[in-house]
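Presented below are the structures under discussion, each in the form of C-alpha cells.
Next, two complexes with subunit A in common: one pairs it with subunit B, the other with subunit C.
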Partner chain A sequence: MVPAPMLDVHPPVGAPNGEASSSQQKSQKQMTKAERRELQERQRAAKAAKAAANGAPSKPAAKPKESAPSGSAAKPKPNRVSDAQARPAAPAAARAAEKAKAGQAAATTDAMARTQARGLLIFSHFGLPKPVSAAKGDIHPAIVRLALQFSTFKITGANARCIATLTAFKTIIQDYVTPPNHTLSRHLMTYLSPQISHLVAARPMSVTMGNAIRQLKLEISGTDPDLPEQDAKDALCRKIDTYMRERILIADQVIQETASSKIKDGDVILTYARSSVVEKVLLDAHASGRDFSVIVVDSRPMLEGKRLAAVLSEAGIQCTYLLLPALGSVISEVSTVLVGAHSIHTNGAVYSRAGTALVAMMAKRHSVPVVVCCETYKFSETIQLDSFSKNELAPVGDLFSSFPNTKPRESLTLENQPNLEILNPLYDLTPPTCITAVVTEVGVIPPNSISSIPVALGRLL
Partner chain B sequence: MTAVAQNNDFDIYATFQQFLQDDQISPPLAAILSLAEAIVKSNAGTMFELVQALNDSAEELKRRSPNPISLNAGCELFIAFVTLFPHESDNFAELKKELEQQGRKYAAEAISFRDKIAELALGFIKDDSVILTHSYSRVVLKALLHAHKTKRISVYVTESRPRGLGLKTYEALTAAGIPCTVVLDSAVAYVMDRVDFVLVGSEAVVESGGLINYVGSNQMAIIAKAANKPFYALAESYKFHRLFPLSQYDLPTHNPNILSFPTPTARSAGQDSASTTAASEASEKSSANKGTSSSPTERAMTQEQIAKNPGVDYTRPDLISLVFSDVGILTPEGVSQYLVGMFAG
Partner chain C sequence: MTPELHTIPGHRAVETLVAKLRRRQVVGSREAALETALVLRQVVSKARFSNIQQLIAVIREVGRRLAEAQPKEHSVGNTVRRVLHNVREEYNSATKGSAASSRNVYSISKFVLQGQPRKHTGGAAKSEARITLKENDPKDPDSFARALKPVLMEAIQDVLDELETVYDNVSKNAKDHIHSDEIILTIGHSKTVEAFLKSAGHYRNYTVIVAETAPSYQGHEMARSLSAAGISTFLVPDSSIFAIMSRVNKVILGAHAILANGGLFAISGSLVAATAARAHSTPVVVCAGQFKLTPLWNLYHEHGALDFADPSSVLGFEEGRLVERVDVVNPYYDYVGPELVDVFITNDGDHPPSSVYRLIKETYDDDDHEL
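Take a look at the complex of A and B:
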C-alpha cells in the first residue's frame, strides 16, 4: 500500500528533519514547483535514510517477500495438478516474514516503489506491476493459485484468462456455504468481491473477465431466493458452463468456419503474436485441405509467437517466423493478415497485443486486407482513441522465457537503473481505418458498424 | 434429395429465364418469382423439406447462371423470409399458397422500389447538373428520366465494354430528349472534372457497405474520389447481400482463368500468333466491310481474350458517398448496420 506522496504543510510524523522545519518558513503555496519538489525529495530521502538506519534486516525482509511469490511461482511449474497444501504454505510463510519485519519492510518497499513511481510517472496512471501481496482476508485457494498464475504470466490471453476465472468461480460457488440469515443472491456477491479484487491486484482485469463477471453477477442477483442452496449453486454453475460454451467455445467454432472460408489455396497468411482464435482458424483451414503458408510475426518481451509457430508447423502448415522489425521485408508477399483481439470498442478500434497496430498499419499501406477474429463477448461499450488511456505494463525482468537458463535470469534483460527505466506496454490500439473486416459469431462486420453488434445479439438472446 | 421435394419436370432455370424476359424484372426479382413457383410445384410435406428444396433450387440457379451474385441476394432474402414466416395454418398446402402469393406480392411491390429511389435521388440533382453514369442500369435510367421531368440535366455514359450496354442507356436517354454523350471507358478521368456527380446502379450492395457492379465502377469511384466528386449508388433493398469481399479477387465470380497469362509452349505460341493474326485480319476485314470504323486498323479483342477479363468488380465503401435505396438514403456504414440487423439471428 503505497500512499500518495503528501505535500503536508506539517512535516510527517516521525521524520525529524531540520530542513523540514526551516522550509515551513515559506508556505507551500509560495514555493515554486521546483522548490516543492526539492522538499518532497528531501523528505523522502530522509525517510529512506531513517529506514535504512533502522537495521540491515529491512533489506533482506524485502527480499524474502519477493522470493516467496517467485518460489511459489516455481511450484506450479512441476506441480500443475495442485497440491493444495503447498500453496497456502507459501503465502503463509510470506505473511510470517512480513509480520516479523512489518515496519521496516513496509518503509523500504515504500521507498523502492516510490523510486519506481518517480521514473514511470507518465504511464503510472494504469498501475505499476507489483509483486503479489499476501492474500488479505478469506481468499479461496483456487483464487490464490489463479492470481499467482496471472501475475507470473503462466496463463495469458483474453480467452484463457476468462475461462480460467470462470472455472475457478465454479469451484468457489460449489464450496460456498450461505451463512445463516443471509440469502445466496445477496451474500454470494459480497463474498466474491474480495476474491475478484485479489485477482485484479495480481494483474489488471481483462475486458473478457469483466464482461463475464458482470454477467455472473446478473445471474446471481437473479437467483430465486426460494431455491434450495445446492440447486441454486448447481444452476449458477450450469449458467457459467453455458456462458463459456456459447460465448467462447461455440463462438470460436463459428468464427473458425467463417474465417477459414476466406483462406484460399496459395494464400500467405500473416499473423501476430499468438491468438487462440487465429490458431484455431488456421488449423481448421489446414484440416479442410486448404494449401497455404503462414508468417508468424513476434516481438519481445512475451515472444508468444514461438509457441504458435511450433503448434502450426507440427500440424504440417508451412511457417515462417520473424520479429516485428523485419515486417517491412515480407509484407509485400502477404495475401491476408489475420489477428486476434483482446477487446473491441464501439468505434471499431481493436485493443490487442502491442505491435498489432503496427502490423495493421503496414498492411493497410500495402493494400493487404486485415481481418480481426473476435468473439462478441469481447465487445466493450466504451470508445478508445489511443493506447495511452488504458494499458498495462509488463513487469521488469525476464518472466517469459520458457526454456532452462544457464545464465541467471536477471542478465537476460535490462534492469531498471538509476537513469534507466524499462517500459513495456502490453497492449495497443488499432484504429478502425486500418481494419478491413471483423469476424464475429454473428457475422463478418466492417469496423465502422461494430456498434450494431448489440442489436444483432439482442435478436439472438 | 431433389427428386423427393420437386417434380422432375420443373426446370427452375427455364422458369427463371422466362421471368427475365420482362425487361422490368431484374435477376434477383426473377429469382424470387421462380422460387415462389418452386414452392407451389414442390411436393414437400414439411417446412424443413420445403426450405431444403428451396436451397437446392437456389443452388441450381447459381450454378447455371454466369453471374450469380445478384440473384443470390434475391434467393437468400426469399429463403430467409420463408424460414421466418409464422405458420399457424394447419394445412401445409395453404401455407405454400400463402408463401407463393407473398413472393409475387413482393416482386410486384419491388417494381415500385425504383420509383421511390428516383424520388429520393431527385433531391440531390440540381438544375444544369452534369451526371456521369456507367453502363446500363434500370434504376439509374428511371431516376434520370424522373429528374428530366422537372430539371435540366445532361448525362455522360460510358461505353462499358465488352458488352457495350452504355449504348443502350444512350439510346433510351436520347429518345427521352436528355442530352447525352457516350464516353470511352478510358476517358473517364478525362471527363471527371466536367462532371458534378457520379450515379451508378448496382448488382449487389455488400455487407462491408461496398458495391458490386459492372466492371469499370471501381475505376470510376477511384477517379471520382481523386477529383473530389460525390459517388452515389442506387440499389433496391433486395440487392443487399451478406457477402463480404476482402478484395477484388475474393469475389465469387473470380476464377483462376481471369487475368491469367497464357502458358507459353513453342508450338502453341506459333499457333497463337497465327490465330491472332487471323483474328485481327478477320476483324479488320469486317470493320472495313461495315464501314463504321474511322480508321482502317481498328482492332477488337477476341472472345478468348475477353473471357480472361472480369465482368463485375468491387468498389470499396470508403469510395462511396451515399447509397440510395427504398429503405432510405444510407451511408455505407448504415448499409452494414441494416444488414446485420436484418439477417442476424
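Take a look at the complex of A and C:
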C-alpha cells in the first residue's frame, strides 16, 4: 500500500541472495508453529516498544489473525500495515535475535506487497473487520458482549443492531454513576463515547445506530441538570424506549400494513436476502389470506435468504429459492420486487445488502416494480454515488461457511496464494433510478422525494 | 434414403459417444465438438458409399443421433454441420463443373455465399487434388468412395485442427483488447476466457475480478488458475458484481453457444453481469470459438437453454426439512441477448453481434440447419 516505509523495513543486514529466494517460497503457511509464534512474539514486542517510545496508543492490530494457521488471501494486508508501523521502532536487541526470521518474513510480505499493491489500491479503504481487541479503558460488559456479537455477525441487520445497541445503552445508563463535581448531562456523553468507539472497532457503525446515538446525545445534553440522578436516568431510558417503539417497532407495523396491502392474489413477490421488515410484510399478507408466492433470491457471502425461505415456507407460503446468478431466468415471472434497506440516502439511493442493486436493476429492465421497505430512522443525510465510497468487507474464512456440502471443501477454500485476494463486500448501492417506491411509516413515496421526508418530520432524526 | 444406424460402419463409436453425452460425461462445448469430429472421422473412413448423397445421409444420421443425445450441447450439431459443409465443398471442388452446377439453386443466401472471395480461392487451391470421379459406377461401386475419401479425411482433419488450436487463435489478439492497468470482470470458468486472459497477461499488467459464480463456484477454479499465472486476481461473490462494476473497464464472458441473432447461451449469471455492465456502459466482450456458432434462435424462452442442474448444490440436504418445502431453480445457462454484447472475439477475427448471421451463413450449409 505505502511502498516508501516498506523499504525501511528490510533489516540492515541484507539476507544473502540464496536465502532470500528460498524464503520467498516459504509462505506463512509453511512455517512451523514455533516459527509463527516467534514472529508473533517479535511483533508484539516491537509494538510494545513503539507504544512505550511515543506514548501513543498502538493501533489495534490483527494479532490473533497473524498466527492463525488457516490461510486466507486477504491476510497480508493487516500484517503489512502493522509490520511497517511496528518494525522500525523495534529495539535493536530484539531485532538481532530474530534477524534471520525477520528477514524471511519481511521478504515474504514484501514480495506479496509488491505483487498485490496495485490491485489493492482501489479496495484499500474498505478495511477488513478486525478481531475485537482487548477493551481499552472502562468498557461496560454489555458493550464488550455486544461488540463480540457484532464482530462475529451474531447480530446482523440494521434494525437488530440498533435495538441491541439501544438496549445495551439503557443498561449502561442505569449502571452509570455521575462522578462528584460533574453533571450528568455533560459527563455521561464522555462516558459513552469510548463505549461507542469500542462498538465501532468491532464493526463499522450502521446508519441506524448513528441516527439513534445522535438522538440520544441530543436527549442527554438536554437533560435538566437539577433533576435527581436516578430520575434523569429513568427519563433517558424512557426516551430510548420511546425511540425504539416509535421509530422502529411501530414504524415496522405501519410499513407492514401498507406494504402488505399492495400484495394481491396471484402475485409473485421476489425478495433478496433477508430483511426483517420484508419478512413481516410477507407473513402479514399471508395471514390476511392473500394467495401469493415468493421467490427468495440469495447469494454469498451471507446466504441469509435461506432462513427467510425457511420462515416463510414454515408459515405455508409457496417459496422458490434460487441463487443470484439464476435471477435472469425468473425475473420475467415476477410481479413485484420487495427488498429491505440498510439505509437510504438523500438522493433516494438505497444502501443495502450486496446484490440488492443487481436485483433492482434486473427488475427495472423487465419493468417490474421495485419496492423498498424502509423506516424513516434509516434515512441518512448524506449522498453516496456508488458502492465504493463506503462499504464493508465480510471476513474471509470459515465464519460464513456457506458453501454447499456437495462440493469438496478444498476446491472452494483458496489458500493464501500470491496474486489472489478474496473480497466480500457486504453492501451495495442501488441507484434511485432502479427504485419505484419506498414504503415508509409516513407513506409510500418515490425515491426522489426522500430528501423532503426529514423536513416534513421536523428533522426528528 | 436415411440409413438405419446399425448399418452404419463405426456405429459402435457413435453409440459410445451418445451414451457419454447423455450421461454428461462429455461436458463443455469444445470437448463435445472434438469427440464429435473424431467419431465422424471414424464413420467417414469406414463408410461405404457410391455417391455423395449416400455419404451425406450417413453423416446426417450420425449427427442426428448425437444431437438428440444432448440437445443442449449445441457444439455437437455445429460440428456435424461443419463437417457436412466441408464434405460438400470438397466434393464440389473435386467434381467441379459437372456436379457443382446441379447444386446451384438461386437464392439470396447462395448469392451472398458466392460473393465470398475466399471461398473461391479455397476451392481453387483444393482443385489440384482433382480426381476423376465416377458416381454410381455399377462395375466398381467403391471407386467413388476410394477416390474421394482422402480429401474428405483432410476436410475433417481441418475441423479437428481448428478445434485444437481454437484457444490459441482466440487469444492471439488478446493484448490488443486489454491494456495495462485495466480491471476486467469475468464470471465462471471458461477455458477460452482463461486462455485469452493468460495470453494478455504475458504482455500487460492488469487486474482480473472473478465472480465466483454460484452454485458451481467455477470462479474459484478460474481465480486459482489466473493467479497462478501471475495475474493480479480478486475473487468476489456474485452479489458484488453491481458494486464493483463502476470500477470495471471490461466484462469478458465465455459462451456456451452463440445464436444466429447474435445472442448467446452462457453460464447462468452471465445475464446479470452483462446487464450490470450495460447499466454502467461497460463493454461486454465474449470470447468463443467459431464452433459455438449455432444456427438457432432463442425465440421462446427466458429460462436460458431450458437446462437445469442439480438443485442440491443450491440447497443441500443438510438444510433438513426446508428442502422438501421449497422449490429450487438452478439453470445451467442464461440467455444473453445481442443488445448486451459488444463484440465476439473468435478464432476467426472479431465480430459484432449483428454480423453473426453472416458467419453462420459462411460456416454452414442452409440445408443442414435441421439435422
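FYI, the second predicted complex is superposed on the first by the 320 of 461 C-alpha atoms of A that agree within 3 Å, B and C clash if a C-alpha of one lies under 4 Å from a C-alpha of the other, contacts with A are read in each partner's own complex, and residues count from 1 in each chain.
Everything below uses one rule, namely that a contact is a pair of C-beta atoms (placed from the backbone, for glycine too) under 8 Å apart; a residue touches a chain by one contact, two chains touch by 3 or more.
These numbers were taken from a predicted model, which means no experiment stands behind them.
Judged by the touch definition given at the top, the superposed model places A:P454 against neither subunit B nor subunit C.
Once chain A of one complex is fitted onto chain A of the other, the partner contacts of A:V371 are limited to subunit B, with no touch recorded for subunit C.
When the shared chain is aligned, subunit C comes close enough to touch A:R300, but subunit B does not.
Within the superposed three-chain model, A:V442 lies in touch with subunit B and out of touch with subunit C [touch as defined at top].
More residues of subunit A lie in contact with C than with the other chain of the pair subunit B and subunit C. Once the two complexes are laid over each other on the shared chain, residue contacts for A:M361 go to subunit C alone; subunit B is not touched.
Within the complex, the subunit A residues that touch subunit B are 262, 336, 367, 369, 371, 436-437, 442-446, 448-449, 451-453, 455-457, 459-460. Residues 181, 183, 187, 205, 207, 212-215, 217, 220-221, 223-224, 226-228, 230-244, 246-247, 267-269, 271-272, 275-276, 279, 302-304, 310, 312-319, 322, 325-331, 334-335 of subunit C are the ones touching subunit A in the complex. Contact residues on subunit A toward subunit C in their complex (touch as defined above): 73, 115-116, 118-119, 122-123, 296, 299-301, 306, 309-310, 313-314, 318-332, 353-355, 357-358, 361-362, 365, 386-388, 391, 403-407, 411-412, 414, 417-425, 427-429. For subunit B in complex with subunit A, the residues that touch the partner chain are 207-209, 242, 244, 246-247, 250, 317, 332-333, 336-337, 340-341, 343-345.
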